[in-house]
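Chain nomenclature is as follows: A, B, C, D, E and F, assigned in order of appearance, with residue numbering initiated at 1 for each chain independently.
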Amino acid sequence: MTSADQTTASGAPRHDGRAPDQLRPVSITRNWLDHAEGSVLVEFGRTRVLCAASVTEGVPRWRKGSGLGWVTAEYAMLPRATHDRSDRESVKGRIGGRTHEISRLIGRAVRAVVDYKALGENTIVLDCDVLQADGGTRTAAITGAYVALEDAVAWLKERGSVKARQEVLTGSVCAVSVGIVDGRPLLDLCYEEDVRAETDMNVVCTGDGRFVEVQGTAEGAPFDRKELGALLDLAEQGCVDLTALQRKALGR
Amino acid sequence: MTSADQTTASGAPRHDGRAPDQLRPVSITRNWLDHAEGSVLVEFGRTRVLCAASVTEGVPRWRKGSGLGWVTAEYAMLPRATHDRSDRESVKGRIGGRTHEISRLIGRAVRAVVDYKALGENTIVLDCDVLQADGGTRTAAITGAYVALEDAVAWLKERGSVKARQEVLTGSVCAVSVGIVDGRPLLDLCYEEDVRAETDMNVVCTGDGRFVEVQGTAEGAPFDRKELGALLDLAEQGCVDLTALQRKALGR
Amino acid sequence: MTSADQTTASGAPRHDGRAPDQLRPVSITRNWLDHAEGSVLVEFGRTRVLCAASVTEGVPRWRKGSGLGWVTAEYAMLPRATHDRSDRESVKGRIGGRTHEISRLIGRAVRAVVDYKALGENTIVLDCDVLQADGGTRTAAITGAYVALEDAVAWLKERGSVKARQEVLTGSVCAVSVGIVDGRPLLDLCYEEDVRAETDMNVVCTGDGRFVEVQGTAEGAPFDRKELGALLDLAEQGCVDLTALQRKALGR
Amino acid sequence: MTSADQTTASGAPRHDGRAPDQLRPVSITRNWLDHAEGSVLVEFGRTRVLCAASVTEGVPRWRKGSGLGWVTAEYAMLPRATHDRSDRESVKGRIGGRTHEISRLIGRAVRAVVDYKALGENTIVLDCDVLQADGGTRTAAITGAYVALEDAVAWLKERGSVKARQEVLTGSVCAVSVGIVDGRPLLDLCYEEDVRAETDMNVVCTGDGRFVEVQGTAEGAPFDRKELGALLDLAEQGCVDLTALQRKALGR
Amino acid sequence: MTSADQTTASGAPRHDGRAPDQLRPVSITRNWLDHAEGSVLVEFGRTRVLCAASVTEGVPRWRKGSGLGWVTAEYAMLPRATHDRSDRESVKGRIGGRTHEISRLIGRAVRAVVDYKALGENTIVLDCDVLQADGGTRTAAITGAYVALEDAVAWLKERGSVKARQEVLTGSVCAVSVGIVDGRPLLDLCYEEDVRAETDMNVVCTGDGRFVEVQGTAEGAPFDRKELGALLDLAEQGCVDLTALQRKALGR
Amino acid sequence: MTSADQTTASGAPRHDGRAPDQLRPVSITRNWLDHAEGSVLVEFGRTRVLCAASVTEGVPRWRKGSGLGWVTAEYAMLPRATHDRSDRESVKGRIGGRTHEISRLIGRAVRAVVDYKALGENTIVLDCDVLQADGGTRTAAITGAYVALEDAVAWLKERGSVKARQEVLTGSVCAVSVGIVDGRPLLDLCYEEDVRAETDMNVVCTGDGRFVEVQGTAEGAPFDRKELGALLDLAEQGCVDLTALQRKALGR
């Protein structure tokens, strides 16, 4: 994953010694929970997200009788996942905009590879709870949630709720953040880099290298078409690496 | 704004007769309200958004004493803006994820061109209320909110709260949606096109053609780098047209 | 509508030149929205309320199988309808007492002329959203909502959901405010008069001149029976004028 | 309080034997609570409302430094005050429109006789909790709240927080319901009469016979000016009787 | 109920003259409400709780078709039950932890003596509303709720909804508080004693002297096994006395 | 920790092979998080609770200027901690009674050993998030929270915010559940045992063997004094074992 050339080209290594196009150490631990039909503890460096896939028979009321399944996601953060403690959303009595937004993003990302017909009238909820945050929690969550989803689908097949030959998942999905920090495009930003980034982008890709979601935001100065291109190059490569790690974790 | 060539190239005209790279009729009516410091009724075809800029002296507590101003935005929809009536968020007692997400997007978009130091310790709230929705409500909101913001800044200068020579706004900002519908990249989707789009993208640009925000989502099949490029081309041109319309509305 | 005698009798004209028993310029614009089954932009001077009637088949659960229809109303104000911006009730997470109270009043007012049996098991929701407030928002809302209701009933008849000969509406309904300002009874108070009123009364009348609702409140000194009588006289006349304007708007 | 003539004139006595212009047995018990600065258990027949006046030094933030006091009221109903149990508003997490409306009415009623300057920067909250409901809970609440307010003011004077010679209360206030039932105007409706009333009116009067609030609603057919007059006659007389009972309870 | 010996042994009498093992004057008034199927005003000294039992046919959804009944309880406090006024939970929009906890305790306590099968598919809700608080509100509530429950069951039998010979209640239940104050174990603490208690315990017993619930908390120093024993002794005796008072109130 | 005698005495071993007075395997992992001032992952068998101690300078408003510190706790469960997924309290918009109750219990438990004066005006929040639940989550949370609290106090001392010689903690605290299952008193119930328990008790002890909290509930038949004694015996011994494990984890 290292890239000696680029490091040379763009000068000093990152504060943790990574090359600009290098992911943090990624770890994907399956079956971290005993009760969930699929569960993954995913780590991108110090970012640690617990992804649990819960299967229930049946679908929400508005989808009943359609023969189609449903997949949804919920993202949340423990109060002390961050440097300073944040108040619980359950205590505040309302979910913040950021939480909503990321839950919706994860849901769209994983749904992009689900064949609802093959899933049948089953619902899978993907809970992504951030135990520790150090940048990239939403991309780690998507990357881990996909693996938990695979295990939940396997569970459905073992139980015979879905036919073994059905391809419920039409591909894999993963995500990574990229950004421009001090004028330099970097892959997989940690918190320290994230707060300093002029432009910040989250990219969700399928295993075959196409885009499911591209979300770029100028935090400082607006960015031009060329910078956008450089970020997309980095993100595409990062997703190739993450796809390989997902496959390895799944024993393929 | 029309593009005879492209229409030819890509076959049939759109259901409302537009060329693929053609905006809907855009109307920007300033001073639609009597009380607000800036107000704009912006129309993108049948989409109609009322943008009100409210100025208050002072800033939120966390920013007091910094010498810096603050700009924020709130987006909402009247219950019968849509084809079918939707329940009021005030009645439901909570704001939906979509509302939160769009409010945050509008806020980031307009803040990209604000010089907080020049604004001084004043707060401007931009309320974007959708009176009628026919696709592209968030992009119309951003385009109108910028014009209302200009008027609010002018009001501050007239009153002497901000020095007349200060450049509070470092540029202009506008936004447009693009998408791939039936395999064809289209500019400024109306509702009917939006629900059929395979890929849907919202692009926020500054008046000098750089990106503030790029949000692309695969609604159907994932999209590749080439399709992404075609959509960005369309969006850049649409924003050039919208910038011209904003300038005209502001009498420049 | 003017009343030279009374103006003479009670001295100086009002700050906007009106006679004591004179309505502000009233405008009733039908079909202001494209999607709603009935919609009216009603203006009482600078007060501007958008009234949308939404029809749905069926009735709430507690009324199912009764053969009777249902009509209800919701009132709300855009945050910058007023001189100073007010916080959104959706953001606060709860609806204020004033909003509740006015929604209930509008609902009772329009229900007074509905024959539920003739309506059949259909529901009509009347959304009254104040775009700009300058006193009398609730009375403008009732006056406009009735016209939107007429159009929604016509829509039901065109579609054949209600028989063309059925009289769903047993009459018309409109409303006006009256008050005692500087010891003088005045019709249709604007905001400036409203805040100075010693007594403030909202009166809802049917087109044939009977009362649906009378709500009088002493804001300053209590009022006596004679003052009450003078206010009712003014209100009755105002409602005669408003009824004529409603009929004209409906093309009768 | 009985009126043999009217009973004769209007035919059959009411189901509880009362004349049309006769109040139910009214009982006003002071000092029903040990902790509150003023407290009254007021009964209008089977309607039973506990009114507690709580004094705190100081006023809400928006009134600080004005030298003026503040008086407010909150109305609520125990879940089993009614024939069928109703859900608690604390459990539902929101206050219903009816509760809000009545709380606001009680507040306006008692404030009509308060001299804020004489009260000084003290706040009095009047809690009116309905222990049992049989029609007329809001009018009983106002009638009792006034007496509790008197005791709270006396408490302030005893403590020396308000000068003994200050007239904090400029008069007394009470309230009664009237309505047209089976075509006949009746005073002080119990629940059974209330649900059958074609027109329902709540009237708040000062001790010297002027109006603080008049709220008349057509529940069935609209009402005309003559009927309105008959109801006001009844209400005025009922308030004379209630004022006498309040005076007696206060030992005057 | 007095115990001269113990008073002697432990020195000075309590501030209200009671012996350490003496209950406050207890009063149980049945049928305090006209509408409820069972209702009791229970007083432990100045603590006054209104307990209303509401019967409805049927059970919650999750229990339908089981043939079993359901009993639940809700506890609340009027805002001026306490020395200082507290805000209404309905106004705050959420129920506090203490309220929840006590509601759950009362529910468990009364359910301990209910035979759901004998009750059949009926639901009884026990509303315990504290009108005045002077310590021991939860124990008074349980003691009163049981008596109201008895009356509600009798009502069901009279109506024939439950067979007369069925034993719906397998026993009686009551509760009392005990605590260590100034090193001395005391029965039935009033507020003044409660705030000074080092250890505070609530004990729920059946009429035959067994425990349904024991909740002891060290407010100051932790307590040892011997102190725990002394408190349980006191509580057991207190419950014997309360059981006798319940029986007497029920005419047994 | 095993007790061959008792196993023999009370017949068959437990389904997981434990003796009646045997704890599940307990694991206490310190510093599980990088950001928190103290953090512990505590495991009682398959029950897994993450306890994070967050230090902030200063105290809540009501305690300012007192010179005293403050310690509080919040308990929550991840949605898929349990066998079946439960809805998030943040999504429901309100915290359930059980959550409130356990948060309050943990807070009281740890506060029992805090010397607020020695802590000075610092606040420590103890977040106890259940990652996986298999019975005894509240007792595991208390046991782990104490260790995290120790580490947070050490952090304060290292930073010099508290003097090194100050004894902020007056002792240690831990907790365990006991219950009667199939007539047999058992220590440290797992979920399967917990649902079958006739009586269920949670006991919080200090390291020197005194009680901070005793909460016993009859789930089935009421329990007598002798059974209570047997449960307390078990709990006392369990707490001795847990205290030793806490000391070991802290390297004492």
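Just so it is clear, contacts are C-beta pairs under 8 Å (C-beta built on N, C-alpha and C of every residue); 3 or more make two chains touch, one makes a residue touch a chain.
Computed from a predicted model, the values in this text were never measured in an experiment.
Peer 1: Could you pull out the chain whose C-alpha mean position is farthest off from that of chain B?
Peer 2: Using the mean of the C-alpha atoms as each chain's centre, the farthest one from chain B is E.
Peer 1: Among B-C, E-F or A-F, whose interface repeats A-B's (more than half the contact pairs identical)?
Peer 2: E-F
Peer 1: Using CA atom averages as chain centres, what separation in Å is found between chain C and chain D?
Peer 2: Their C-alpha centroids are separated by 28 Å.
Peer 1: Could you put a whole-Å number on the gap between the CA centroids of chain D and chain F?
Peer 2: Chain centres of chain D and chain F, defined by C-alpha means, are spaced 52 Å apart.
Peer 1: What is the distance, in whole Å, between the centres of chain A and chain D, each centre taken as the mean of its C-alpha atoms?
Peer 2: 61
Peer 1: Of all residues in chain C, which are in touch with two or more distinct other chains?
Peer 2: Residue numbers touching two or more other chains: 93-95.
Peer 1: Round the ring starting with chain B, chain C following: which chains, in what order?
Peer 2: B, C, D, E, F, A
Peer 1: Using the touch rule from the top, collect the residues of chain B that touch chain A in their complex.
Peer 2: Within the complex, chain B contacts chain A at residues 94-98, 100-101, 103-104, 108, 112, 201, 205-206, 209-218, 221-225, 228, 232, 236.
Peer 1: Under the touch definition given earlier, write down the residues of chain F that touch chain A in their complex.
Peer 2: 33-36, 39, 46, 50, 52, 54, 56, 74, 76, 78-85, 88-91, 93-95, 99, 125, 127, 129, 131-132, 134
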